[in-house]
Amino acid sequence: MTQTKNLIDEEGKRTDGRTIDDLREIKITVGVIRNADGSAFIEFGRNKIIAAVYGPREVHPKHMALPDRCVLKCRYHMSPFSTDTRKNPAPSRREVEISKVMRESLEPALILEDYPRATIDVFVEVLQADGGSRCAGIVAASVALADAGINMRDIVSACAAGKVDDRIVLDVNDTEDKEGSADMPVAYMPHLDQVTLLQLDGILTRDQFNESLDKAIMGCKKVYEIQKQALMQKYFGNETELKEEQ
Amino acid sequence: MSSSKRSTIIVEHLRKQQMLEAISQGKRLDGRDLGEMRPFEIELNVIKKADGSARVKLGNSEVVAGIKVETGEPFEGLEDKGALIVSAEVLPTASPYVEPGPPDEETIELARVVDRGIRESEMLDLTKLVLVPGKIVYVIFVDCSIINADGNLFDATSYAAVSALLSSQIPIFEIQGGNVINTGNRQEPPATTIPVSITSIRIGDAVLIDPTAEEEACMDARITITTNSIGNFAAVQKGSTGAFTVEQIKKAADTARIKGEDIRVKLEEVTKKTG
Amino acid sequence: MTQTKNLIDEEGKRTDGRTIDDLREIKITVGVIRNADGSAFIEFGRNKIIAAVYGPREVHPKHMALPDRCVLKCRYHMSPFSTDTRKNPAPSRREVEISKVMRESLEPALILEDYPRATIDVFVEVLQADGGSRCAGIVAASVALADAGINMRDIVSACAAGKVDDRIVLDVNDTEDKEGSADMPVAYMPHLDQVTLLQLDGILTRDQFNESLDKAIMGCKKVYEIQKQALMQKYFGNETELKEEQ
Amino acid sequence: MSSSKRSTIIVEHLRKQQMLEAISQGKRLDGRDLGEMRPFEIELNVIKKADGSARVKLGNSEVVAGIKVETGEPFEGLEDKGALIVSAEVLPTASPYVEPGPPDEETIELARVVDRGIRESEMLDLTKLVLVPGKIVYVIFVDCSIINADGNLFDATSYAAVSALLSSQIPIFEIQGGNVINTGNRQEPPATTIPVSITSIRIGDAVLIDPTAEEEACMDARITITTNSIGNFAAVQKGSTGAFTVEQIKKAADTARIKGEDIRVKLEEVTKKTG
Amino acid sequence: MSSSKRSTIIVEHLRKQQMLEAISQGKRLDGRDLGEMRPFEIELNVIKKADGSARVKLGNSEVVAGIKVETGEPFEGLEDKGALIVSAEVLPTASPYVEPGPPDEETIELARVVDRGIRESEMLDLTKLVLVPGKIVYVIFVDCSIINADGNLFDATSYAAVSALLSSQIPIFEIQGGNVINTGNRQEPPATTIPVSITSIRIGDAVLIDPTAEEEACMDARITITTNSIGNFAAVQKGSTGAFTVEQIKKAADTARIKGEDIRVKLEEVTKKTG
Amino acid sequence: MTQTKNLIDEEGKRTDGRTIDDLREIKITVGVIRNADGSAFIEFGRNKIIAAVYGPREVHPKHMALPDRCVLKCRYHMSPFSTDTRKNPAPSRREVEISKVMRESLEPALILEDYPRATIDVFVEVLQADGGSRCAGIVAASVALADAGINMRDIVSACAAGKVDDRIVLDVNDTEDKEGSADMPVAYMPHLDQVTLLQLDGILTRDQFNESLDKAIMGCKKVYEIQKQALMQKYFGNETELKEEQ
């Protein structure tokens, strides 16, 4: 990543008007896919992503089943119209990798031992992609898993930090991802205080690395509140909303 | 290689009996008449990164279609026309029975039937989408993501594709110094008519439109008939492993003209509102 | 389809000399593939198509078997040299679709309940393609199924009608398919009076639609006689031929 | 990854005993001598849409080969030559043991052995099929559809490919204004020799030619030897999981020269008749 | 679609107990400290046909990397840069658990993590590898064949790729008369820094570096951290189905800086020796 | 193959200094792959090839097992950097064919009946390719099979002969393969005196054919001594070396 433009102005505002510690607008709707056991739709900045969960259910083919725990499967996929240039519908190497790290970021939160010989399938479809689609996908998937009633140790939240104009900023958007000089997506379980995803692309000094990690986790904690709110909204509806407003 | 298989959705015996009984009285399990469509919603421009997009709900079936316009070579034998490419993916989010992977024969048929409705009705005047005859033309991708599947994907996907196209603003490309330049300006697509498909299925002796997944699991035969804005027929696809009588087909064709007009009015209304 | 030329002359003759109600020349030979359980070779205009049937036989893999009826499988395939421009041997989306509608057009005629847990495989190879290869393939496949001794409710016949110079004509040939303005392939069971395939590409008014459908069915009935004749020729040989000639 | 497997055709024990006994007396179950070919028929120009075609029957094995000529880039390292591409498909019509799908290793070997016979014998003077050296050359597709399989597909397919080529009339392309133009005229292919393969198999100590499927199911080893018009060797392929002695190979090579000449005479006769 | 599965290597209960006990005392079954690398060997220029190559042994893990340089189009969005393409294949020679075939998700991740270490550290100044901006650039293939797998393939493969690149002599291409010409001369690649990855794994509460296959079979989580020549971080990849605390990550990051420098000194030494 | 240059000089020396009966330099190292049951690394001219053997072991999937003997599997594969122009890593048709003939050339030497229901997997990876990589691969594979302790009737050796400047030469190298006029790779079991692989590309008269075959077998016998030596070196080490030197 090579920095080419001024992405933070003199007043500390970013290209989309945020300060370095602001999240983009996030909206999560729970239970959007009628046929799924659990689902969520997230708008995270300009990301528009659906997550659907099927399971626990029987494994096909059967010999893939594990005797003492559930098999977790995960697909991250982008619709052809989700990107600036049309994306070929066949899974890219990038999508294969993200499917893997997404699964690995969700698995620590799930009590898979509770469902031996079964499978839980998590499908994440990116309808519109903005910076941070893997984080947004994890956030939606985690809510969809909760919506499906899967036994969980914690909700996985996710958020990226990054370096822009040599400053560490929260929640990198598309422009900042492309023009900025580092991007660090993080997934985090707030109650267990554990990191389940960490990637870095771009150069950070030791201090920047630590600052970035701390900032991403701060972001995860904020996102977690939005996840919690979305789930309460579905299960307790306006009542909860009123309480929160008090 | 095509293979006959069990319907993935199993409708229990008792439920099927109820369905047949209701049908014999001209009614359906969700309370509709045989010739009645389910509630139908369209939302346009849901994908800002696309050159046109629409989200359609037909009952519980839900489809997002997005238009992307590029330039490329024309198809062989169609050198004087822009290229139109329709793809569909039934996402694994859509039902417990979908396996992720390359499109199976049902999804290929779905995309090809939606494609033919648009192509054979000459919805777009593709001759207006040529930059260098025989060499460089507009390439219009119509990609359809089926998010939730509850029957009649042919019509739901077709309506999504057509409304995404109708409401699209496609980039204006020009040839400058031998290179293709995106001018940054946009244009309406050269639309000439609005194709609308209506799918009927036969269960026993009854023919009903806009089937649910449950009804499709009990169907004997299916037929999708597409009409254009002046009520002519543009494309037909009979499917499923049963047969129709000639009379049933002619009646389904008339239904397709009448019901298709209702849908067309709605599509016009919605796409003009935003146009 | 856009009409560009005069395809019917003043005397009502088409490019190949036929009237609007004429079929192209059709020749069917039964039992051409030594190894197959049933087979037929059809020359339908310039179409040259082989159909071979294997079965009823065991299903592989076994879990694909159905407990109460036979699995019908069907492949429509074009040899690379069959078309004007060489065809890539890998199955195209068009071939996948035609394989499916061909199977669905044959299935209503077969008493699949008579062969539970078994499979019947129908292979249709287009050696030379002319207009209407799917209809010709269905015609050959149906004869091959009869030749294989499969229990059938009826023979499936097939023929297309179409619109050329704004007139409805029978049995569209290659030029008419490309230059004409509508093509409607139909498969039909004459004894059961039922339509098992119907497709339409191109614009027809309501009246033209009905006329076209009726004409295609008339064509199917003619083709059916040729199918019957071919089967009798194989099983009763010259004797039959003599009888027919009387 | 190549894997040893059971022969798909199971020859029953008693039948195999009969075969071995016959062979020990220099005879075969179909009455032939060990060194005798089956009846061999060629029909030319069976596919009018192809630039050349042939249908060959060798016993019950039956192959249709078609030639299609286009233009394209030369192969890497062969910039001064036209491109020759041989493909084969054992159609699922051909035997109960064929699965439709991409070519398996046996079919790939078949196509490559037929290709090598044509290529290594320099049957065609490919240097005469160049339009713009290093850039644009004639591309000759030789596609072989095996319709019925009853052994010795190597020779049956090779004879079909060679006779389709010999009888072909290939389009004359020209470069005009930087573009490739099909002049509409046609030419004989630049043939220089007629490659003929003869396949021998070993069963026990006996070596026999032109095996049936049943014989192949009992074979220990196979060898396909291609000679050119002056009786030189141009290509060899030993196959199957057994071995040959050096003497057996040299003898098979002599047989290939002698029997190959018989076939060549027939190929010349037939292709000239129509030429 | 990614799927959780049993580790292919099964470590027996007793053996695992021994491992955990050793680790609790700061030792490992092969005698190493938790923060100690295995013996590490590099041999350069092992493949003369490549433009650069290296064979790396890290303990019993062994990788051959080869560089091939061609010209081609730049990547979309990176029109002003040469193209760098890293691939990896875990050969079926490498372990009893490898199936030959297209790369699985683990191999894709491996190649992408090695790629990112090189790319994000800006090891090569790719802007110097452009022939015609936006049209023709150098394409650098870094292909890695894993010959024997005994854990920590991320680092072993990365070291092989980096040392092959460092020691490569890449062809000098020029544009002459609109065509790309290989001048026959060679140049050093435009290297600016040496990226070094250090992989740590967590087993229970212990974090250890450079794991063996046996240790990986018992790991809870993995993290690969790449630093550049001035000790900054350039790429990170957390993997496996467990989690880390923030403190564990920060400590692993410090370890990556310190141990990475040891490796870097060695890489510099070796590649200069032959430079 | 068309001959274009002088490949043998007036003194009978070939481009690499060999006489027409010389082998290139061959070096075989046994037991190079720690994880494999048997392995060998061969340098045969500029060929650098690894062969690894796994097995006898269980067959996956199980229905592929044979009740009365072992399934032999074989893969010949070239690393992308092994050739002058980068090779696409996906298996080419050439690699598929060579995998097959390689398996068929090894199978006659193996007593597969000794391992019913099992599989033996042979993986041959060409790290650097020179003329004759299939022969070199067979030579290495055969040694790796012996190293794995598989019961064998004989060691399979391999070597090519060819025609260069109208003379029959032993062990064709890369230049001779490309510029020469015929190449005949042969695999041979010296004790059983049997040929298990024979291919020919290029024109040979009857006499040249016989001469070439005889010469290739002579080469195989020489290579066999090197194979034997390599195996003894591994199992008896310096002791053997000393004996040989006496």
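Some notes on this structure:
Note that the chains take the letters A, B, C, D, E and F in the order they are written out, and that residue 1 is the start of every chain.
Definition applied: contacts are C-beta pairs under 8 Å (C-beta built on N, C-alpha and C of every residue); 3 or more make two chains touch, one makes a residue touch a chain.
Quantities reported herein were computed from a predicted structural model and do not represent experimental measurements.
Fewest steps needed to get from chain C to chain F, stepping only to touching chains, is 2.
Two chain pairs, B-C and E-F, are compared here, and B-C has more C-beta pairs in contact (counted per touch definition above). Work out the mean CA point of chain D and of chain E, and you get 47 Å between them. Each chain gets a centre from the mean of its Cα atoms; for chain A and chain B, those two points are 32 Å apart.
Distance from the chain A centre to the chain D centre is 58 Å, each centre being the mean of its Cα atoms. Centre to centre, using the average C-alpha position, chain B and chain F are separated by 58 Å.
Along chain A, residues 75, 85, 121 each make contact with two or more other chains. Within chain B, the positions touching two or more other chains are listed as 1, 100. Only residues 46-50, 53, 60, 62, 64-68, 70, 87, 89, 91-96, 100, 102, 141, 143, 145, 147-150 of chain D touch chain C when the two sit together in their complex. Of all the residues in chain F, the ones that touch chain D in their complex are 1-2, 64, 66, 71-75, 85, 93-94, 96-97, 99-104, 107-108, 112, 178, 184, 189, 192-206, 209-210, 213-214, 217.
If you check the complex, the residues on chain D that touch chain F are 1-6, 76-77, 105-106, 108-109, 111-112, 116, 120-122, 223, 228, 231-246, 249-250, 253-254, 257. Within the complex formed with chain D, the residues of chain C that make contact are 33-36, 39, 46, 48, 50-52, 54, 57, 75, 77, 79-86, 89-90, 121, 123, 125, 127-129.
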